[in-house]
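Shared between the two complexes below is chain A, which pairs with chain B and chain C, respectively.
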Partner chain A sequence: MKNDRNLITPRLREALHGYAFIALWVVGFSLFTLFPLLETFRYSLHRVTVTVEGIRLDFVQWANYTRALFTDPNFIELVIGYAVETLVSVPIVLIFSMIIALFLNQDFKLKGLFRTIFFLPVVITSGPVIRELTAQGATSAPGIANLPAVAEFIAQLPRTLRNPVEYLLTSFILILWFSGVQILIYLSSLQKVDKSIYEAAAIDGASAWEAYWKITLPSLSTANLVNAVYTVVTLSHFSENKVIQYIYNQTYAVQGGIGYASAMAFLYFAVMVILLGGVYLFLAQQANKERN
Partner chain B sequence: MKRNWFHRFSGVRNRGINPQGFHVSQLKFYLLLLPLAAFMLLPILFIFSSAFKPPDELFAYPPRFFVVNPTLKNFTDLFSKMSSSGVPVSRYLFNSIVITLVAVAASILVSSTAAYALSKKRFKLKQTLFAVNTVALMFVPIAVTIPRFLVIQRLGLLDTFSVHILPGLAMPVGLFLLKQFMDSVPNEVIEAAQIDGASDLQIYWRIILPMIRPAIATIAILAFQAAWNNAETSTLYINAESLKTFAFYLGTLTTTASGANAVAGQGIAAAAALIMFLPNLIIFIFLQSQVMSTMSHSGLK
Partner chain C sequence: MQTLRRLNLDWWKSLLFGSRARSGLLFSSLLYALLIAIGFVYLYPLLFMFVTSLKSPSDLLNPMVQWVPTALYTGNYERAYRVLNYPNTLMASILVSVVPSLLQTFVAAVVGYGLARYRFWGRNLVLLFILATFIVPPQNTLIPQMLAYKEQGLLGSPWAIVLPALLGQGYRSAIFILIFYQSFLSLPKVLEEAARLDGASDLRIFLTIAVPSALPAFIVSFIFSVVWYWNETFLTSIFLEGGVTTLPMQLSRFVQAYESLYPPGTVNIFDRLNEAVKMSGTFLNIAPLLVMYFLLQRWFVESVERTGITGE
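Up next is the complex of A and B:
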C-alpha cells in the first residue's frame, strides 16, 4: 500500500484531479461539439447528398471553397459587410461599456438599480425579444440616416467609408444592446483595483484624469481582451447575422447543399479568426506599450 | 415584510453597495446615466406595449412606440388557438420547465468544474483544451447541425427527453467566461485551504464557487435563455409531440397563424413573444442581485 502511494507523485495526483474535474466536460464537448466540427470539415471537402440509406459523400477536394470564394456572387460581399460591421462595432461596444462601468463604479444613490438596467441587454439580445424587435424594425433607426443633413453628409464621404458610417447611424441602438456582459466584466475588474493605489497617486499630485490613464486603463487590459473576444463572438453568432442566415439557407437550398454550406461556415470561421487575431494583436500591443 | 423581500431580491440598495444619502455631487451621474438607462429599457417597454397593440397600430406607419388603445385581443387569440390544439399546453410547459431547470443546473456544474481544472490545476492537455474550446466558441453553431444530428442518432437519443439537455451541457461560452473569472481568484487562497487540509472538492465547493458567484449567475442567465428559448431541438430531434417544448409550440402557433392570416399572426406573435420573454426577465431580476451585490465582495486585496 505504502509503495503504491509513493508511485503517485504530487504532480501526477494534481494532474489526475485536474482530469477528473474536466472529464465530464471533455465527454460532452467532444461528442456534441468537437466531433461534429471535424465531421463538418470533412463534409466541406465533399459533395454531400442525403439519400434514403444515409449520407453519400463524393470527394471534390477544395471545390466547395473555390465556389464560395470565386463563383458565389453573395457570399464574399456578405462576409466583407460582416467584417466591416464587426470592426466598427467592437470599439464602440468596448468604449461604451467601459464608460458605463466607470460610472457605475462610482458612489451614488440607486447604483444597484442602474447596474441592473445596464445588465439588461443580456436578456434582450437573445431569443424571442430581438426577433420580435427586428421584425418590427425597432433595432434600426432609419430616420437618422434619412434626415436630409445626414444623408448629405454620408453622400460626401468616400465610398469606402460610406457603408460603415451608415451602419453606425442606423444600428447604433443595436450595438449598444450588445454591451451587457461586457459592462459586467469591466466592473468586476475595476473593483479589483486596489483603492490605495489611487490614494498614493493622489498624494503624489496626480489628477483624476492622469489616474485614469496611468492606473485604471492599464489594469483593464485583461478585461479589454476578454471583452473584445466576447463581443466579436456574440456579434458573429447573433441569430440575425446575415452571413449566418445565408449559410443556413444554403444548407437546405437545391443548388447549395450541406457540403457547400460547411465550406462557407469554415470560411466564415476563418474570417472571424483573422478579425479576432487582429483585435487581439492590437490590444496586446497597447497593453505592452502601457507596461513600458 | 414586503419591503424586506424587495430589498433581498431586487439588488436595489441591498448589502450596502449604495451610499446612504443623496448628495448634489451625485447629480452628474444621473444626468448621464438616466437617458442611457431609459434607452436600455426601451426594448422591454416595446415588447410589452406591442403585445397589447390592436392590428391597426401594429401595422401603423410610421410605427408607433407606445400602444394607444391597449387590447387583450392578441392574448385571447393566442389562448383560443392553444385550446384548439391536440396536446394540452400544460404538457409543453411542463417539458420546458423541467428541461430548463435540469439544463441550467447541469451546465453550471459541467462548465464550472471544467473551468476549475483549466484555471487552477496543472496538467498536460490544459492549454490545448482551452484553445480547442476557444476555437469551438467561435465556430458557427448551425454548421454543425447535421453531423450533430448523426451523432445523436447513433447514440439513440432521438425522441428522448435527454436530447434536450445533453448537447447543450458543454457550453463553450460558459467555460470561457468562468475560466476568466477564476483566473482572478488568487492562488494564495487555494494554497491556504490546501494547507488547512481541504480536498479538491471542498476547495471547489467552498472557495471557488462562492468567489465567482457573479460569473455563475451570469452563466445561469445565459444557460437559462439558451434552454428556455430552444425550439430547434424539438424541430430537429423530436417526433413525439408530447416531448416538445413550449418555445417550439409557440413558434408553431405563430407561423401557422401568419401563413393563414398575416394580420392576426403578427398580433399573436407579439403576445407569444411577451409570454416567452417574461420568464427570462423574472430569472434575470432574481439572479442579477447575485451578479451585482457579490461583485463588490469578490475583489481581493
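Up next is the complex of A and C:
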C-alpha cells in the first residue's frame, strides 16, 4: 500500500484521471472519425465495386483524383461555384450579424421581441425546409430580383461578376438566415466589453463613432475569427450544397462509384481547408494590425 | 429670455439627438425603422409559408389574392397531416433528436471537464482533434460508417444515430465539448481543493460541484443539440433509410408520398398537389420547433450570453 503511493505521483494520478474523463471520446473518435476517414482515403485510391460478398478494391493510384480534376466537367465548376458563393457569403454574414448584435446590445423597448425574431432561423433552418422555400421563391430579396432594371443591370455585368451578384439577389434571405448563431457570438462578446472604457472615452471627448472603431471593433476580433470559421464550416456542410449533392449522387451512379466519390470528397475537403485558412489568416492579420 | 431660449433649444436637441443619459428621438426612430425592416426580411419566408398554406385552390389561382386569403381553408393541413403521417414521424423525430441530445450533452460535459481540469500529456492534441471533427465534412467519413452499420445490421435503427452520440461523436459535438471546456475552465480551483480535502473522489467532485455550476452550459447544449439533430437530414436520411422515418425525411419525399396517397389520375383537379399543400407540410415540419422555441426562448438567448460561447 505504501509502495503504491510512492509509485503513483500526484502528477501521474492527475493525468490518469484526466484520461479516464476523455476515454469515451478517444474511443468514439477512433471508431467514428479517424478510422472511417482513413478508410475513405483508401477507397479514394481504388476502384470500389460492391458485390454480394462485400466490396472489392482494385488499386488505381491517383486515377480517381485526376479524373475529378481533369476529366469531369461538372466537379470543378461546382467547386468553383461553391468557393465563390462562400467568399461572397462570409463577409455579408459577418457584417450583418455584427450590425444586428450591435442593435440588440442597445437598450430599447421590445428588445425581447426583436431578439426572438432574429434567432428564429437558428431553430428552423434545415435542408428540406430551405428547399421547399427556395422552390417557392420565398428566399430571394422580396421583389428586387424581378425588377426589369435589376435584370438589365445583371445582364450588363461581366460573366465573372454576374454569378456572385445573381446568387446574392436570389439567396439574400438565405444568407441572412445563416447569421443566427453568429449574432449570438457577437452579442456575448459585446457584453464582455467593460462599460467603463466607453465612459472614459466619452469623458475624453470621443464620439460614438470613434468609440465604435477604437473600442468596439478591436474587442470583437476573436468573435470575428470564430464566426468566420463557423460560417465557412456551416455553409460547406449544408446538405443543400451542390457539391455535396453531386458527390452523394456519384456514390450510387454507375459511372462514379464509391472510389470516385471518396476522391471528390477529399478534394472538396482540401478546397474547404484552403478557404478556411485564407479567411482565418486574413482576419488574424487584421486583428494584429488593430492591436498595433 | 436668452437663457430660456437656450434651454429650450437644448431640450429639443437632446430630444432629437439624445444625450448622455438617453438616446434621442431621431436615433431611436431610425433604430426601430431598421429593426422593423430587417425583421420583416427575416420573417418574410415564414409569413409567405404560413399565408400560402392557408390558401384554398381557388385562392391560389386568383391573382388578386396575395397576402390575405378569402377564407380560412384548412384542407391543406388535413392533407399534409396525412401525407406526412404526422403522429408517427413526429414521434420518430422526437426520439431521434432528444435521446442523442441527452447523451451528447452529458458526454460533452464529461470530456470538457477532463480537458479543462486535468493536466496530461496529449491534451492539446486532443483539443486539436476535437476542432478537426468539427471541420471534417460528413461525406469524408460517411461510407465506411454506413458499410460498418450494414454489416452489424444497425442501418435503419435508431442506434445508428445514438451510438456516435454516446461516444462523443454526435452531430457537432465539438461545439458542445468546447462550450463545457470554457465553462469548466472558469470554475474556481478552490472549490475543488476543498472538496478533495474532505475526501471527495474525482467523480463526486464532478457530479456535485462541477455539474451544478455549469447549468447554463447544459441547457444551451441540450437545446442546440435538439434543434440541430432535428434539422439534420443528410446523415439521418442515410443512416435511417428503410427504418425509422423522421419528419424532415418525410418532407423531402413529400411529392412521392402525396401521389401514392392521392394518385394524380384519380382525384379531381382541386385535390392535386399544389404549393399550398407543400407549404402546409413545411409548416407542420417546423411547428414543433417553433413551439419549443417560444417556450424556451428566454433560456435560449440568455444562457448563450452567460456561457461565453466565444472562447477567448
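Criterion: the second predicted complex is superposed on the first by the 261 of 292 C-alpha atoms of A that agree within 3 Å, B and C clash if a C-alpha of one lies under 4 Å from a C-alpha of the other, contacts with A are read in each partner's own complex, and residues count from 1 in each chain.
Methods note: a contact is a pair of C-beta atoms (placed from the backbone, for glycine too) under 8 Å apart; a residue touches a chain by one contact, two chains touch by 3 or more.
In this text, all values refer to a predicted model and were calculated from it rather than measured experimentally.
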item: Clash or fit, chain B versus chain C on superposed chain A; value: clash
item: Chain B versus chain C as contact partner of A:Asp194, first or second or both or neither; value: first
item: Contacts of A:Met272 with chain B and chain C, given as first, second, both or neither; value: both
item: Chain B versus chain C as contact partner of A:Gly257, first or second or both or neither; value: neither
item: First, second, both or neither for A:Phe103, with chain B first and chain C second; value: both
item: Which superposed partner A:Ala202 touches (first chain B, second chain C, both, neither); value: second
item: Partner chain in contact with A:Ile247 - chain B first, chain C second, else both or neither; value: both
item: Common ground on chain A, meaning residues reached by chain C in one complex and by chain B in the other; value: 11, 14-15, 17-22, 24-26, 28-29, 31-33, 35-37, 39-40, 43, 55, 100, 103, 106, 108, 114-124, 126-129, 131-133, 135-136, 138, 173, 176-177, 184-185, 187-189, 191-192, 222, 226, 233, 236-237, 244, 247-248, 251, 258, 261-262, 265-266, 268-269, 272-273, 276
item: Sites on chain C touched by chain A in the complex; value: 20, 23, 28, 31-32, 34-35, 38-39, 41-46, 48-49, 52, 107, 110-111, 113-115, 117-121, 123, 126, 129-130, 132-145, 147-148, 163-164, 166-169, 177, 202, 206, 227, 230-234, 248-249, 251-252, 254, 275, 278-279, 281-282, 285-286, 289-290, 292-294, 297, 300-301, 304-305, 307-312
item: Contacting residues of chain A [partner chain C, same complex]; value: 11, 14-22, 24-29, 31-33, 35-37, 39-40, 43, 55, 100, 103, 106, 108, 114-129, 131-133, 135-136, 138-139, 141-142, 172-173, 176-177, 184-185, 187-189, 191-192, 202, 222-223, 226, 233, 236-237, 239, 244, 247-248, 251, 258, 261-262, 265-266, 268-269, 272-273, 276
item: Sites on chain A touched by chain B in the complex; value: 11, 14-15, 17-22, 24-26, 28-29, 31-37, 39-40, 43, 55, 100, 103-104, 106-124, 126-129, 131-133, 135-138, 173, 176-177, 181, 184-185, 187-189, 191-192, 194, 222, 226, 229-230, 233, 236-237, 244, 247-248, 251, 258, 261-262, 265-266, 268-269, 272-273, 276
item: Residues of chain B defined as touching chain A within the complex; value: 10-14, 17-19, 21-22, 26, 29-30, 32-33, 36-37, 39-44, 46-47, 50, 63, 109-111, 113-114, 116-118, 121-124, 126, 129, 132-134, 136-148, 150-151, 155, 166-167, 169-170, 172-173, 175-177, 180-181, 184, 200, 204, 214, 218, 221-222, 225-226, 228-229, 247, 269-270, 272-273, 276-277, 280-281, 284-285, 288, 291-293, 295-296, 298-301
